[in-house]
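Each of the two complexes below includes chain A, the first together with chain B, the second together with chain C.
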Partner chain A sequence: MDATTRRRLLMAAPLGIAAVGSGLFWTLLARMQQGTYDPHALKSMLIGKPLPTFSLPGQPPSAGFANTDVTAGKLPALVNFFASWCVPCIEESPTLMALQAKGVPIWGIAYKDSVAATTRFLNTRGNPYLRVARDADGRTAINFGLYGVPETYVVDRTGIVRLRYAGGLSEDSVRNTLAPLLAKLA
Partner chain B sequence: MTRALAALGLLLVLAATPAFAVSNPSEMLANPVLEKRAEAIGMQLRCLVCQNESIEQSDATLAAQLRGIVRRRVLAGWSDRRIIDWMVARYGNFVRLKPPFDPMTYVLWGAPAIALAVGGAAVALARRRHPVGPDPLSPAEQRRLADLLK
Partner chain C sequence: MIPELGHFALALAVAIAAAQAVLPIVGARANDPRLMAAAPALALGQMIAMLASYGCLIWSAVVNDFSVVDVAENSSSAEPLFYRITGTWGNHDGSILLWCLILSLCGGAVALFGRGLPSALRARVIGVLGIVSAGFLLFTLTASNPFARLWPPPIQGAAINPLLQDPGLAIHPPILYAGYVGFSIPFAFAVAALLEGRVDAAWGRWVRPWTLAAWCFLTCGIALGSWWAYYELGWGGYWFWDPVENASLLPWLTGTALLHCAIVVEKRETLKTWSVLLAIATFSLSLTGTFMVRSGILNSVHSFAVAPTQGVFILGLLALTIGGSLALFAFRAPAMAATGVFAPISREGALVLNNVLLCSVCAVVFTGTAYPLLAALFHSDLSVGPPYFHLTVVPLLVPLFLAMSVGPVLPWKRADLLPALLRLWWAGAIAALIGIAAEAGLHRAFASAGFAAAAWLILGAFAELVERIRLFRIPLANSWARLVAQPLSVWGAAIAHAGMGVTVAGIAGMSLAASTVVAARPGQTIHFGGYDWKLVGLHQVPGPDYTAQVADLRISRDGALVALVHPSLHTFPQQHQTVTDTAIQTNVLRDLYVALGGEQDGQVVLRLHVNTMAPFVWLGALVMAAGGALSLVDRRLRVGAPAKRGAVGVPA
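For the complex of A and B:
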């Protein structure tokens, strides 16, 4: 390699690095837009582990439930934390209703909310839940490692947590993430 | 002199203490020694909601709740290590503002050494390419130079 070629290569290097960098950045932004990448999402410590032990009172008229009730069905199921005061929870409710219509068992946990507000929420937005329990002080949520509502946990038929989805579910996230996983676990 | 003193004063004020969100005295433990320990533990724990503040600095309700948990466990006589492990079991190592040295963070902690090695290699390479300057002038060349500069 003579001196001129070397100099040309050196001159082109920053451009090349910038091009590769912007390519990667572009992919990142595209995936963020698709919802397949969330920079704030945390990896759940529950993945590959059984549900934490809990036993919560019911949101009337629903009976409460415990971790053992979720796994007793021996079917893949969702555990969904929600609250009437949370906007993404309102946004995801049609998606949950659609999942319920397809026969997916969804266990609801009302996070830090009053009975009256939860009742109002379920009456206006629909109730996609098999049962609704109340985590009024949010202590069970901490044992789940929850850091915001809504959060949805996918439990397989043996009771092992396979996915935590933080944030509101949408048609896109169901198509790209949830539905393929549920199909695999079924 | 006065200006220097004022600057020093400002620096001291700014450096004195980090801003604690625990403005509510009812949150604090009555025993100042235990409260100090709880604060030290809380400063090492990340608020999961804001993600760049410790739970001691954050106003998020989850942070307040975690502060309460730290304080109750301190009162119950748990060690710092055990309290932090309790948090890590739920929220992962991300909850620790100072990540531990493990396979996930080798590159992170090794970054200064790696940077030094890369820089050192670059310098060594550049040195080798242009080893030393040209040979010194011979006596004949020196005479000629002296003539030219006359």
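For the complex of A and C:
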């Protein structure tokens, strides 16, 4: 290879790097549209570990529950953090109702919310939850490493957290992420 | 009516940009002076259209026209006027319009201040800016129109995100964008040079002031963002290695490299292809930084939510701009030969080292930011956190800081290292003493090394000045006369380098910071960090569109009162959001920082920090930007400014 060719190749290298980079982004964007890649499927310290220890008071009329209640019940199960003041929570409620109709046990934790507001929320949007507990000061949420509401955790048959989903669930995310995982864990 | 006028002005700007993209470049190619002369007029026309368009958006927000989607979603009549105006860029559509506005201002600036440029070069530069403008304006008009109407209009708007209701953050986007978009001018110069097939000393001289101006804005923008995160998020940290933060750091690193490289092009006519590549890379990274955040691929606290179709459009635009310029580079650059030669140990050599190190830091940060995406591509899950960045960036900074003080005292072309080092012996000795003293007192190696580095940088920054005025080698009066006669750019460089030292001192100090989280009842005293923090009381205060819970704390040391602080928690009922308002009491050398958490059973959660030297982190950045600005007003750097203006603007 002579000097000129080498120089030409060298000068073309940035273009090559940019091409590879845009290929990468293009693939991710395409996958995002197909639903096979979701940046909201956050990694969490909890994945592969048991649920953190907690014991929360109930949202009347529901009784409260502890982490041991979740693992003693039907598994796999979902633990869903929500709040009446959060818009994505309102948006995801039909999806949760549909999941509940299919027999998926969902444990709800009302995050930093008053009893009255939560009651109103459950009365107007429907109550998909097996039980609803109140995390009024958000300390349990800290132990979960909550990023924001809503967030959903999938607990497998052995009581280990398998997925953390940050943000509202939708039909798409259930079809592409949650349903296959639940089927695998069942 | 007004929003429609804004919409129309936007469409007009697209049309003008399209003409600006084609006519001047064709004219420069055909050597047609009439077509080339159209360039500045078109650039100014686009600028005026964009000013009108953005003015209409602001007007809609000011008069609370909630039939405009953008206003309805991000503004409310309960807000102060200031936040109604700044709310226009606190969202996706409006911020892109602001981005385009600043790009058109850049075109206008070249048209106004570039009268000294050769007409073919000026036409090409404006033409290239027109191409970029046309693409992004078309995106705004078709995919993210901020003037879209809503029917029926709501009675009240949804109001701005309370986190953004803060003066620091409100002015952050325009400054940051001025930095990002400002690099479009060096980019346009680089592409124009590739089109012409020529880069010479004059090119370096023309590019430098534009680069410097953009760099100053970017420096301020990054510092402002970091400061905001510090006092508003209530976590007590100043840099979280979040993808969005890293995205702003990347162009800053290559921009700094370009700034130094342009000096070599100007003085020694070498490193030309490298400068062109840096100019392209810097703007490419700015674009990637601004728009990758909007494609929805990255997951960050700062990101805007957008539809995937917009992501495809944006990626297409990026590919066109970046790919197009790099293809041109691959095609044209091999023909551009370097002329100046230099020995490895010389001013040029030091600047090459600076470039290599800065670009290495950039590569390392880029890798850390992009790696989770790469991993996602292969279906593995991982995140890259601060330990990676600390482990990889710090070792690169050590030689960079060492060279930062040595470089400026080296002569051009060929130099000996030993005499240069001898000239710096005093700076080295003082730095070493400070490091040893710090280590003896603190037993914290990282902080001690940081303080030594800071001293080395600050003292070393002024070594060249000391050298130039021959301090203590000629009578002091003569030295003084020489000092006064030094050009502003020499001062600017010294101050900017010293600013880096100030920031390093702040970072070293912050590594000593201590924090704790406690639950306290009114009347309780907490002993922490050598201070007594007494929670005196709690009370509620109503605000304009929020209610605040305020805690009163009395901080004392050995019985003597240090400060009374009032951290609070603002609850915005309309947005259902709470925002912490931290209380910071500073004496510059340390910050006492208190953030209030939630209340339960009469107890409140308090987060207490003693942040050593925290203000230095941002002060240093301000000093750096001030150094840059000082260089910018130096008459010798100001190319293309008419003589009259220069005489008025520069103090004698």
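The rule we apply is simple: the second predicted complex is superposed on the first by the 163 of 186 C-alpha atoms of A that agree within 3 Å, B and C clash if a C-alpha of one lies under 4 Å from a C-alpha of the other, contacts with A are read in each partner's own complex, and residues count from 1 in each chain.
Rule of thumb we're sticking to: a contact is a pair of C-beta atoms (placed from the backbone, for glycine too) under 8 Å apart; a residue touches a chain by one contact, two chains touch by 3 or more.
Since this is a predicted model, take the numbers as computed values, not measurements.
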Ask   = In the superposed arrangement, which partner chain does A:Ala12 touch: chain B (first), chain C (second), both, or neither?
value = second
Ask   = Of the partners chain B and chain C, which touch A:Leu29 in the superposed model: first, second, both, neither?
value = second
Request  = Once the structures are superposed on A, label A:Val161 by its partner contacts, choosing first (chain B), second (chain C), both or neither.
outcome  = neither
First (chain B), second (chain C), both or neither touched by A:Gly138 = both
Partner chain in contact with A:Leu122 - chain B first, chain C second, else both or neither = neither
Key: chain A positions touched by chain B in one structure and by chain C in the second   = 40, 42-43, 112, 138
Remark   = In the complex, the residues of chain A that touch chain B are 40, 42-45, 112, 138, 142-145, 147-148
Key: Partner chain A, residues of chain C touching it in the complex   = 273, 277, 280-281, 284, 292, 295-299, 308, 311-312, 315, 318-319, 322-323, 326-327, 329-330, 333-334, 370, 373-374, 376-377, 381-383, 576-577, 598, 600, 605
Note = As the complex stands, chain A meets chain C at residues 4, 7-8, 11-12, 14-15, 18-19, 21-22, 24-29, 32-33, 37, 39-40, 42-43, 83, 85-86, 112, 136-138
Inquiry  = For the complex, give me every residue of chain B touching chain A.
reply    = 48-49, 51, 61-62, 65-66, 69, 88-92, 94
